[in-house]
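Okay, here's the structure, questions in a sec.
Each chain carries a letter (A, B, C, D and E) given by its place in the written order, and its residues are counted from 1.
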Amino acid sequence: MAINSILSVKDLTISFNTFEGEVNAVRGVTFDLKEGETLALVGESGSGKSVSTKAITQLLPQRHTTISKGEIWYHDHDLLKKSSKEMKKIRGKDIAMIFQDPMTSLNPTLTVGRQIAEPLIEHRGMTKQAAKVEAIALMRKVGIVAAEQRFHQYPHQFSGGMRQRVMIAIALACHPKILIADEPTTALDVTIQAQIIDLLKELQAEFATSTIFITHDLGVVANIADRVAVMYAGKIVEIGTVDEIFYNPKHPYTWGLLASMPTMKMDNDDLYTIPGSPPNLLNVPTGDPFSSRNMYALEIDFQEEPPMFKVSETHYAATWLLHPDAPSIEVPEEIKRRNEQFVSILAAKGADSDE
Amino acid sequence: MNKNPIMQIKNLKKTYNTGKANEVRAVDNISFDIYEGETFGLVGESGSGKSTTGKLLMKLESMTDGQVIFLGESIQNKRSRHDLLAFRKNIQMIFQDPYASLNPKMTVKDIIGGPLEVHRLVSSRKERDQVVYSLLEQVGLSQSFANRYPKEFSGGQCQRIGIARALALQPKFIIADEAISALDVSIQAQIVNLMRQLKQEANLTYLFIAHDLSMVKYISDRIAVMNRGKILELATSDDIYHVPLHPYTASLLSAIPEPDPESERNRQRTTYDESKFTYEQDDPAVGLFEITDKHFVYCHKDEVVGYKEKAERLKQEIMI
Amino acid sequence: MEEQLNFNPVPQKKIIEMEQLSQAQGISQNDDSYTKTIVKRFLKDKVATISLIIFTLLTLVAIFAPALAPYNPNQTVGFFEAAPTSEFLLGTDEVGRDVLSRLIYGARVSLTVGVLSVAIYAVIGTTLGLLSGFLGGFWDSAIMRLTEVFMAFPYFMVILVIVSLIGPNIWTVTFVIGVLGWPMLCRLVRGEVMKLKQADYVQAAISSGYHTFQIAFKHIFPNVLTLILVNMTFGIATSIITEASLSFLGVGVQPPTASWGNMMSNAQSLTVLANQYWRWLPAGLMVLISVLSVNFLGDGLRRAIDGEVK
Amino acid sequence: MASFKKITLLIMIMFGMVFFLVACGGGEGTETTGDNDGDPSGDITSDGEEEDTLYIGLTNAPGGFNPLNASDTVAQWILRMLYPTLLEQPESLVFDGNLAESFETEDNQSFTITLRPDAEWSDGEPITADDVAYTLELIANPDVETTWGVNISSLEGLQSTGKWEDGAAGVAGVEVVDEQTLILTTKTPVDPNYIKEMIGFNVYIVPKHIAEQYEPAELANSDFATTPSVSGSIYQFVQYETDAYVQLEANPTFYKGEAQLKHVYLRVVNGTSLVTELQSGGVDMAAGGGIGVVPVSEVDTLAADDNLDFESYPGFATQFMFINNEEFDADVRLAMMYAIDREAIVEQLFRGNAEVLNSTYTSASVYFDPNVEAIPHDVDRARELLEESGFDTSQEIELTVPTGNRAREQSASLIQQNLAEAGFNVTQVTFDFVTALANVREGDYQIGLIGIPLTSDPDQTYLWSQSGTTNLGRVNDERMEDLLEQGRTSTSMEERQEIYSELQEYWRDQAFSVGLYGDFQYKVQNKELNGGIKEFWGGSLHDMHEWTKD
Amino acid sequence: MGKYIVKRILITIPVLLMVTVFCFIIVNLAPGDPTDLYISENATEQQIAQMRSSLGIDQPFPIQYFKWLLNLVQGNLGFSFASRLPVIDVLPTKIIATVTLMASTLLVSYLLAIPLGIISARKQNGFVDNLITGVSFLGISIPNFFFGLALIYIFALQLGVLPTGGMETLGGSGGLVDRMQHLILPTIVLAAFYCSNMIRYVRASMIDIFAENYMRTATAKGLKETLILWGHGVRNAWVPIITVISTDIPKMLGGAIVTEQIFQWPGIGQWMISAINARDYPVLMAINLVAAVSVLVFNLLADLLYAAVDPRIRY
């Protein structure tokens, strides 16, 4: 498996100017997106996952945003250095996006068909007629029945799930190399969410699109991601393959996230919780911003931010617990259970590869 | 568990735009009881009528037809200010959006203490403030929050304030309308734990309205699954999870993503073909039928046998 | 280096304390009440702040007019139509009254008309808007029909007739502008109330057992207040101009009472316009300054409320 | 892209609409003006066209064109261009023949009128004595709405209202001798000047053959009264654009000869615009005489304009401070007279373009007696009188001020100050003109400023007699009644002058009201215009057919 | 749709009746009898009575009103007290004059305001925005009588390039250019207000629109700036723009009184002032009717247009 990075984000640092002061929304985010993979960015609201990805296509409001550091490499170009004119040629064509709220992300005054056809005309130089034919084909592909009729309808005549399908059709219209899906299923009902995820997976395979999938729902991540990056307070705190993150998490925050979700198998005990709320990014506390919610905090957590510790070739986590000098600690029950599962999965895989 | 119904819902109906082309039966003839001390889960996707049901029970909307008996009295007869106050004292609501449910122009003290004054449960400002402080403490917030405005708090903190307001009147019954769905995962757990804890402390009854089954299953004793204004299945939460009889319930369950890559990879989704379960309107042979003990399914009289067999089969599968 | 690092676990109790501390800090970072936040934001807007200062000064001038004015504004004190001198800083008018004194007293009239008329229609418009939006149904359509009736009136005609009926003076002008100005605000408030009525906190207030009027005035009103305030500031500007226009048409505030409007209407004489700048320019500038400052004030207020970064 | 096209189309449609509106705006008006309407090149107005067009500025709109019913001066002035009168009056109380070649009497009771034989209506019908008699009959007809009743009330067979007795159906005092001759007979002998002014100068002769097509009762609301079709004087009516302008064109059949200026536009503009239009050449002359008034504040500017002729003359327009005689006795009234500094008003406010109104006649009137000494501004005397009268000075007196005349409004401020100096407690109350007039008329006032246009005839019964229709001061004084009666019935000018001198003196001493000032008449016109306003404004039009423009 | 229109019109009728009743009362409340104006100083009682009956004001108000209403239904608006001309004959010329001025004003205003508002919103808080916003505040704040006179002084008297007032050169051969020249100054004066007002609304709604998710979608699609702006942004601003237009037009139809006064524009506004001064009730009632009908009609039109520009709105 040739693993080439198609996109690499390096030390991205973004802040917003507000009335209260400067909000440090993204504080040195680094990750690679490999060809054909789905990378999930997971984190609570305000963790900076959405902001990081908007920076890729320069979708952040310029007036209030300062990108003080960082590089975003795509095909030997630093996207941060692109002029807005150059960026236009990349947006929608090479890098497409799907957004959270399908209700407001479509223009209410334009027909759905026109909105799908637009990128075709713009980037693929199609005539109106050709674009219409292609758009209808796309609509069929994303599972919209009676596409010819629905081509002329307006977004308000579509249900939420159908709108998100339209958004997907728009995004995939030009066969983009990279798809950024920003919480595409959060606003949908579970059954619809399942359909959309299946659709995305299917199309992603067909178009060989690399995907950044932003969500706060670990269930969705488990379903769709190849690799997972967990974000907290504007930083990636843990990154690894989906199995590593779900079965062998190293960061106490990841533990908390996993343990606080009720699983179908759970009994009626109290849920595991992470106390408190995320820190205010106006004044990022010294040390690890997570330290004050961290039941496994060490003294050093309050003094210095931990660097990324390597767990495996693919797995890194930013917690002092991985420092050789750190004391060993008792992980939560749920994580223990998961670790056990990991061992068996590894064993199974090892068996697979042996054969 | 105490088996006294705190609330009895009989043939509740809510129709919008009655008689017009765009008539919507938001709540279509539903009946169920909620017992004292239990947590009753009401699950459905958007547009299923679950929130409307909650509002009808709260008298935030007027019902088109049916009857709701709360603490032995029919709620639709409560019109006078006195009756209404008495009714509202015993039933409170926790809302979905923690920010939207708190008046941005009022201090936390006024938000929580207001109902106390309305119901004349306190005789002085000072007494009110004392009650507010103790309520804040009860929901895990510091007293220093009292003089602040909601927008200064995080979503989780706001939801705690909302809970404190609901608790202020010491109600017997609380309707939580998607009370956690707008919160982050780690905060959801906090709130759920808090609600469970309070329930025990204050001997509350919950109606827990939600759009997905995962958290509801975890918190509820009994669950009703709603779709298109009708209750399709009603059973204990174990039964709903293990013996989902109605295909809609099964499809809901199969759609819940689990934070477990392995099980996700092996997941089989069931789809629900609605057309097979559409009955003629107001057919008297269609309704909620008890398939097994306290396990109800909405179906045609003739289908009952089939469901019974299905229940048997599923139960046996579990045993194995 | 390694030695300095302390890898001792922190006791859980301490973490909880730290968490509470950080939460408390989280709050103390924006330690302000809502009003304070708006005020702070507003003060960051230079134009708006200057406008506020100017408007405050104007108000003070209006209040302390008797102390500030060098002469009796209604007395002939000098030659007629004399150009500014050290004795009469802004010259005299057509009957020899001191223009500066009239300007100072004019602030009273213009601001009274501006503020009071808007206050009148704000009260009517807000009350009816709140009721219409909150009660809905019959009352809503009745009030909406009434706004249509009032909006369908030719504004000036009614003003002119009523003014000629009661006699034009500052109170009539104020009253008429006030009584006729409310429908737009009423609709605005109604629309907002209809939106807010669905808000969860209103539903919560109903659930808590608040009385309908308490909900309308205690829960909803504070949330439309800022909107009303912004609208009112623009309304004040419009009222000042309306008074000036009425004076121009001869039905505004009547002589000998000075208002900026009737002083400015001197400019309808070309001789005055061309040769006697002191008879219209100061008044014109005052109208312009006050209206601009009120407008910018409203705009700044709106921005501060919306949290729009300047 | 489609939306671009739509927007472009929309904009084009909107432009098209504006052009259409501009092109056809006031369409009715231009039908008769010229045929090259809408021709884009037609904007170049040749000099020739403008040279024979006269633009007159009016500050009031005419209230219709009913020759029988014209209360407003504007209408009267315009009607003079459209309908013949028997006599001209080039100077005050100097009468010349117009339609009448002669107007003679020997006994001051029977007046023989001989008409010009060549006079024709614009439709070619001759103007005869029948037309004159019919006109007088219409005025006397109780069914006809008319303002001229009082003018003819001295004729034999008519009531004091000028209407014939019930069942009479005719005017006994009018006798048509032949086509060119008729004899008017009055009830009692009168001053010939009285009848000459009242009937000879003021009454417009209407074409019988047109007027008789209408029911007398409906004349006032008919097109006869709104859009006259037949003219007998200098011009004929073309159209009236309500409140904007009146368009006239020369009457080719006019008996004194067709007018040199073929077109006349009487534009209705406000005072300020009148000034700008005069300066920019948009109007050639102000109509003057209270109907084309330039604001007094602009007088200096106009006088200084090289392109304009500016002159000012004493006129008949006056301003009084009426005093409600029922509330204030003679001493108090006189105190007010002493208190008000009328010289200051005239000198400072009007910069000398007015005269102090010492009596109830202006210096333009031949009955004005310059020997009646004016009451000076004397605050001490005023105080004295006030004290003597025992008037309660704490009593608040309302000064009613009508709007619409800036000079008057400004004078009110001065008057208020003057009165205050003398010890009166006066507040101004301002009303629009109609309201103020209505209040004053009903006696619902204390003191109030009202302008009165006087006539060249000295009879002022309507103003100062208890029976007067405009007795605004509520004067009820036997001596005054007596003097008015004497003046009215006297038949010689010399005799009348004497009576009226006495009246002026008595009026001053009693201070029935305070005469404030007499506005001067302004003649403001383009230097290119030959002709225009005369010193006696009312007679300005007698040579209008000879006016030209360079 | 058709049903909706009919329903709206039916609702309109009682509103209109109420407006006319109110107006009738107000007009008749005004002190001073019209006859005071139309009689000479020496008129007799009998003449006054005769005139009162001729004008139809000798009857009680309710009867006068019902007569007026009855006439109205037959398309008769009575005759002007002042000129005795049938109001219905004069009305069209006045409306045409006002509409001409209105059309040119609104055309100029909107053609300027919409792009300026958009630019302003696009460059929000930049120099250009501050300039446009500042000037538009000035435009709203400057009293039009003052602005008008200043323009007359400069352009008509000092420079002599434009006429001082009126709608056309009387007695000249008229023509389009002449009329256009007469239109320029009053249009500028009125447009100063209407343009500034519109700029503010367009700016505000465009700022909101720029913050909308679908604008982000359009950007993310990589569309051209102009297409994003016009094809996606401005489309959604039509509703507030139509709202402003639908209140502007009746406001102007009700008479741009001061401006018409200053520029001698022979439109509704000027007519109204003279009618008020002349207590010309029938004219006032007619003007009131026109104004009221225009308010209601443009309300309705706006509602119908909303549906045209926003597919979500259906009746």
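The rule is short, and it goes like this: a residue touches a chain if its C-beta (ideal position, glycine included) is under 8 Å from a C-beta of that chain, and two chains touch if they have at least 3 such contacts.
What you see is a predicted model, and the numbers here were worked out from it, not measured in a lab.
Novice: Going by the stated contact rule, which chains contact chain B and chain E alike?
Specialist: A, C
Novice: Just to be sure I understand the contacts, which chains border both chain D and chain B?
Specialist: Joint contacts, listed by label: C.
Novice: Would you mind telling me which chain pair, A-C or A-B, is linked by more contacting C-beta pairs?
Specialist: A-B
Novice: In whole angstrom, what separates the CA-based centres of chain D and chain E?
Specialist: The mean C-alpha positions of chain D and chain E differ by 35 Å.
Novice: Can you compute the centre-to-centre distance for chain A and chain D, using the mean CA position of each chain? Integer Å is fine.
Specialist: Using C-alpha averages as centres, the distance is 89 Å.
Novice: Hey, how far is the Cα centre of chain A from the one of chain E, in Å?
Specialist: Once rounded, the distance between the two centres reads 55 Å.
Novice: Could you give the separation in Å between the centres of chain B and chain C, each centre being the mean of its C-alpha atoms?
Specialist: That pair's centroid distance is 46 Å.
Novice: Check each residue of chain E and list the ones that touch at least two other chains.
Specialist: Only 30-32, 125, 149, 157, 231, 235, 261, 276 qualify.
Novice: Spell out, as numbers or ranges, the residues of chain A touching 2 or more other chains.
Specialist: 63, 275, 277
Novice: Residues of chain B touching 2+ other chains?
Specialist: Each of 154, 157 in chain B touches at least two other chains.
Novice: By the touch definition up top, name every chain pair that qualifies.
Specialist: All chain pairs meeting the touch criterion are A-B, A-C, A-E, B-C, C-D, C-E, D-E.
Novice: Would you tell me which residues of chain C are touching chain E in their complex?
Specialist: Residue list for chain C touching chain E: 145, 148-149, 151-158, 160-162, 164-165, 237, 241, 244-245, 248-249, 261, 264-265, 267-268, 270, 273-274, 280, 284, 287-288, 291-292, 295-296, 299, 308-310.
Novice: Quick check on the complex: what are the chain C residues that touch chain D?
Specialist: Residue positions touching the partner: 74-76, 80, 94-97, 160, 163-165, 167-169, 250-251, 254-256, 268-272, 274-275.
Novice: For the complex, which residues does chain C have touching chain A?
Specialist: 2, 5-10, 12, 15-16, 18-23, 25-26, 29-30, 37, 40-41, 44, 307, 309
Novice: Can you name the residues of chain B that touch chain C in the complex?
Specialist: Interface residues on the chain B side: 55, 58, 60, 81, 84-85, 88-89, 91-93, 95-97, 100-107, 114-115, 118-119, 142, 144-145, 148-149, 151-154, 157, 162, 165, 169.
Novice: Across the complex, what residues on chain A touch chain B?
Specialist: So the residues of chain A touching chain B come out as 44-45, 160, 189-194, 197-198, 216-223, 225, 242-243, 246-247, 256-258, 260-264, 266, 268, 270-275, 277-278, 341, 345.
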